[in-house]
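Take this structure first; my questions come after.
Order of writing sets the chain letters: A, B, C, D and E. Residues in each chain are counted from 1.
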Amino acid sequence: EEVKLQLKWVTQAQFAGYYVAQEKGFYDEEGLEVTIMPGGPDISPTQVMAGGGADVTVDWMPSALAAREKGLDLVNIAQPFKSSGMMLTCLKETGIKGPEDFKGKTLGVWFGGNEYPFLSWMATLGIPTDGSEGGVTVLKQGFNVDPLLQKQAACISTMTYNEYWQVIDAGLAPEDLVTFKYEDEGVATLEDGLYVMGDKLADPAFKAKMVKFVRASMKGWKYAEANPDEAAGIVLENDESGAQTETHQKRMMGEIAKLTAGSQGALDPADYERTVKILLGGGSDPVISKAPEGAYTLEITDEALK
Amino acid sequence: MRAPVIEAKDVNLIFETRDGPVHALKDVNLTVERGDFVSFIGPSGCGKTTFLRCIAALETPTGGDLKVNSMSAEAARKARSYGYVFQAAGLYPWRTIAGNVKLPLEIMGFTKAEQEERVAKVLSLVDLEGFGKKYPWQLSGGMQQRASIARALAFDADILLMDEPFGALDEIVRDKLNEELLKLWSATGKTIGFVTHSIPEAVYLSTKIVVMSPRPGRITDVIESPLPRGARPLEIRDTPEFLEIAHRVREGLRAGHAYDA
Amino acid sequence: MKLLMFALAFWLGASLFNSWLAARFSHRRWAQLFVPALFGVTLLVLWEGVVAGFAISPVILPAPSAIVARFAQSTALLWGDFAQTILKGALAGYLLGCGAAIVTAIVIDRSPFLQRGLMPVGNFVAALPIVGIAPILVMWFGFDWQSKAAVVVLMVFFPVLVNMVAGLKATDHLQRDLMKTYSASYRDTLFKLRLPAAMPFLFNGLKIATTLALIGAIVAEFFGSPTRGMGFRISTAVGQLDMPLVWSEIAVAALAGSGFFGAMALLERLVTFWHPSQRAR
Amino acid sequence: MRNLGPILTVVAAILVIWYGAAVKMNAKWVYDQAARAGAEVSTSQLLRETMAQERPVLPAPHQVAKGLWQGVAGQKITSKRSLVFHGWVTLSATLAGFALGAAAGLLLAIGIVHSRAMDMSVMPWAIASQTIPILAIAPMVIVVLASLGIKGLLPKAIIAAYLSFFPVLVGMVKGLRAPDAMQLDLMRTYNANRAETFWKLRLPSSMPYLFASLKVGIAAALVGTIVAELPAGATQGLGARLLSGSYYGQTIQIWAALFAAATLAAGLVVAVGAIERVVLRKMGMAA
Amino acid sequence: MRAPVIEAKDVNLIFETRDGPVHALKDVNLTVERGDFVSFIGPSGCGKTTFLRCIAALETPTGGDLKVNSMSAEAARKARSYGYVFQAAGLYPWRTIAGNVKLPLEIMGFTKAEQEERVAKVLSLVDLEGFGKKYPWQLSGGMQQRASIARALAFDADILLMDEPFGALDEIVRDKLNEELLKLWSATGKTIGFVTHSIPEAVYLSTKIVVMSPRPGRITDVIESPLPRGARPLEIRDTPEFLEIAHRVREGLRAGHAYDA
């Protein structure tokens, strides 16, 4: 049986579980032939799903729910990531100590579906992001951490497992930086979950296939958590661009393991409710306008993790 | 009486331009019979080229009636009734001289062997044997002109239309080619339409000289030459008849210039 | 399905009508506008028909009607993006890049040595893909329109330079010899002969550069931008699956590009009225 | 190779300027670091450090050269870290796209030259089509094509073709119309049909235009391929290499990939030029 | 004795081409005195244009010595000693006819008023009054040619070099311009170098006829005309002296053609 998996980003340890499941033969054991398609900054996983280009995708919940409001019937079937790795990393020299210091500063934000957590956070803080008085200047941050190094922005978005370490590798010391984790600020939204099209779930065969897929993937994740160095090696093996480095991937795997640690794969409805609440609380311009229905199902994980 | 090859009745041609219409040909009447050698002479812009192009169906008269070989000019063109020598040589630069001469033969579906034979024949006729493999730019202007004449002669069209074919040549070469052309004409009985600026040339070659005048372009005089048909020695140019015709042509031309700028 | 059939029928009918018009009225001004317009409408009808006929998801390819509706609804937003990307980024870069190219061409024109050295190297530099250069320039010139203008400068510089250099050489022997017989100065030769003679070539370059400027400015925004601009909007709207907005922006780009191109073509007509290519027809 | 001297001179000048710029642009970081460490920077230290950074704002030429050398010669060419490998991936899509685009441009040009209706209706839209930022919608195109089951080399080739058809179209319309009125009239006096006129007159006289536009077209195809490689899952090809360099701020890798791409483009243009010389010589047009 | 204006001693010019060197001028010796009207005649490719270009310092001899106004040809060019009429009209298409005639005047720094005055004068001299505002392509070939003559006459250069200036004109216009040119020449005492293919034209105009021959290009005869300087009526062309000179020129030409292709 074939399964096409669309990743949210390029091949890296963020997706180690799937690569491990692939290389360790967990998918084979389930009788699945999985094709893993790396993503990139210009790939919108939701669009790929809409185009029927993949069976299942890794996406962040804010973006999935926003797409759902646009009429794309995306349904969460599993949630390997328990906690959020997103944070805002600021230069200490800019004088930022707490969120109240953001006003008047320039902040780098990822767009393309990843801006929602930030916008919600700013809305809860009551800071305008549209360039009006007393607000922050938002930059559409590119792929890398240069804006911080070049001091074009006071803060930039980083992931605990990736960009933060690029800043460190660039030569800045942790003491030079101030970080704000979304998790700590109480605005954490669910990241890397597995999503499929709702209409397909009506098909029992597809459902059965997804059960096998989730089961094998979670086995991969748990193996990766237990053997981070080997997992990083597998990721490197699968990186066709040849751009990844071993140190970086090993470290990333270590950080990723912290995020997946709390999850056996099943979505915790409480986390879901929290995410929805945060997204709804987006002030005048909320990410989603009403609480979605049927945006997740526990049937797959219930079956898979029996 | 021989059958008329070209029969123009009240031919008119008006070019619509941005600055208004240009009356290039006005009420042109002319009958050319089989085997005639007709020269067209007249000041710059009087419509010589335009009229020749009408005969060749490269231009369509806006009024009047023009028959070539008793059909419409267009039908005559489709029947490939004529060969045309343009004012400039117009050789295709990517073909050798032989290739250029061969072009109409290819299009008209001659066999390979026949193509070779005819090319050799006409190239020697215009004194270009040995230059077949050269490209146009490797020849002087006069030689290019001769190659373009060879190209028009290669397929045996009934009618030969030539627009100032000898313009770029010096007197000596010109005399020689005039003689050759006369020889060819009397040997084949072709009908020839010939545009020139040179009075002696017109008189020397023609059985009929058409004097034209500009603004609007029209025929002011048609002179039937009393000179013998067939071979004419170059010395004929010193005979009184010759000088008399030349005088008449000159007078006609001068009249055309009367209100010229 | 019915709509698709209608679209196909419309397409057929319009094509026939267009051929008929083109054959009969090709030199009329109204026909020169009407024929391409009808062709464009045909494309849109066909598009609408295909989208409806094959039930293509609007998040993949929206129907023209949906795009028009979104366009009408967000004119203020589109105008702001247009101002940011085209009026600031593209135009500034275009003027700077073309100006620099023209000046450079005139300067290196005096030195065959520089020309022989610069042109191949310039050719090489021009081949650097902008997707690689844009992030670098954003890093150097910041997030606002200045970095977009810099990308545009790099994109338009070489095509204009090449054309201008060719144009300055475009005088024929006779024209140059004439100047020599007057023992004309370099200045006189430049202003009275070579610059006028170079204009048809220059405009060739300037016209190509219009579309390059647009593309450069928009694409550069993918690599970092303030929260406005056409490239920014396209990339974020894709993430939000707001395809009608994406296509509205694309429509703005196409309109602006065609307008820009048309304006240069018009200017070309005015300046090089004497060139045979402008006199034909 | 009488151009060698001038080229080397210009290159040398560029290198000098480049080194200067590298020092200037990378200095800020050196000073910042020193300030953070509370140290002073001497000039020689500055020069040394600005040219040996791992993520310089502007890498020094020798760093780029080293990156290129490692990418080209430092690996097995089948390795994922080999620029030859990525270059090959890009090259194959470029050639496929170029073939598609050139054929499309040529066919359209032939249609336009022979049909007034096509001339009047297609040309304005061909121009408009190029004002659409294909680079911006390439990701969508990839997705749409993927949903139609078109994957692998073809989507990249299609985007490359989209960028390369236009120069070919414009050049060939000009070229096929290059015959002057007299040359066309000559064909009419022979009552030659359209096909004969095309093969014996229009096509030969369009050769110089054809090759000029093919050169532009093949360079455009390369750009198209690289653009298409960014969203194609960022896996293989010089475009992916450029992008992955960007993610990790590996300036040297970006520059090395950039230069590899430019070299590839230059090579392709030279190759077309070589074909041009052969063809034109065969046709006797190499004056 | 008048001072020599042009003094050529053993002038040689060899063009290096891909197919080997072309000996365009071989050992050319010629002295032209102030007020002379010198015609150059000879078959295509014999070096007439090349020699005229050497005098104008548009071409540099590879050997020998060439003085113009007792200076090097280059210095004479810099001193703007001559006006040159090229074989083709060579008008700048972006300038009107008046603008084209004005061009040398602008470059040589004439005042605006003087420019206008001179343009009007020379345009009427060549019968082009009223066409000043037209663009070159709006004129017939012959009119363009006349405009280019006007351009060379506009500034009063000492020496006038004319390369087949009347080639594209018909006989009548040509006769008229020949007369005008003679008038201008005798009124101003200019020195004129004149290339033509027409023997009568050369004889009618010149005080000195230079007959040239090709491969290698060289002077085979220099004929001093016994015809009166100053005004010559057109009828002079029927006098025995005239015919005798014409005959001599023709013989010279024919000799040059002996080994011609």
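Everything that follows uses one rule, which is that a contact is a pair of C-beta atoms (placed from the backbone, for glycine too) under 8 Å apart; a residue touches a chain by one contact, two chains touch by 3 or more.
Going by UniProt, the chains are B, E = Sulfonate ABC transporter ATP-binding protein; C, D = ABC transporter permease.
As the structure is a computational prediction, the values presented were derived from the model and not from experiment.
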item	value
Labels of chains that are neighbours to chain C and to chain D	A
Selected pair, greater C-beta contact count between A-C and B-D	A-C
Cα-centroid distance, chain B relative to chain C, in whole angstrom	49
Rounded Å distance between chain B and chain E, as computed from the means of their C-alpha atoms	31
Computed distance of Cα centres, chain C from chain A, in Å	38
Chain A and chain D, separation of their C-alpha mean positions in angstrom	35
Multi-partner residues of chain E (at least 2 other chains)	none
Of all residues in chain D, the ones touching two or more other chains	57, 139-140, 143-144, 147, 230, 243, 246
Touching two or more other chains - residue numbers and ranges from chain A	41-42, 44, 47, 50-51, 142-144, 146, 150
Interchain pairs in contact, sorted by label	A-C, A-D, B-D, B-E, C-D, C-E
Chain C residues touching chain E - in the complex, by the definition given at the top	172, 174-175, 177-185, 188, 192-193, 196-197, 199, 272, 274-276, 279
Chain B residues touching chain D - in the complex, by the definition given at the top	53, 56-58, 77-80, 82-84, 86, 88, 90, 92-96, 103-104, 106-108, 135, 137
Residues of chain A touching chain D in the complex	10-11, 37-44, 47-48, 50-53, 142-146, 149-150, 166, 169-173, 176, 239-245, 248
Complex contact set, residues of chain A against chain C	41-42, 44, 46-47, 50-51, 63, 66-67, 70-72, 111-115, 129-131, 137-144, 146-147, 150, 152
Complex contact set, residues of chain D against chain A	29, 33, 36, 54-55, 57, 79-82, 86, 138-140, 143-144, 146-147, 230-231, 233-236, 240-241, 243-250, 253
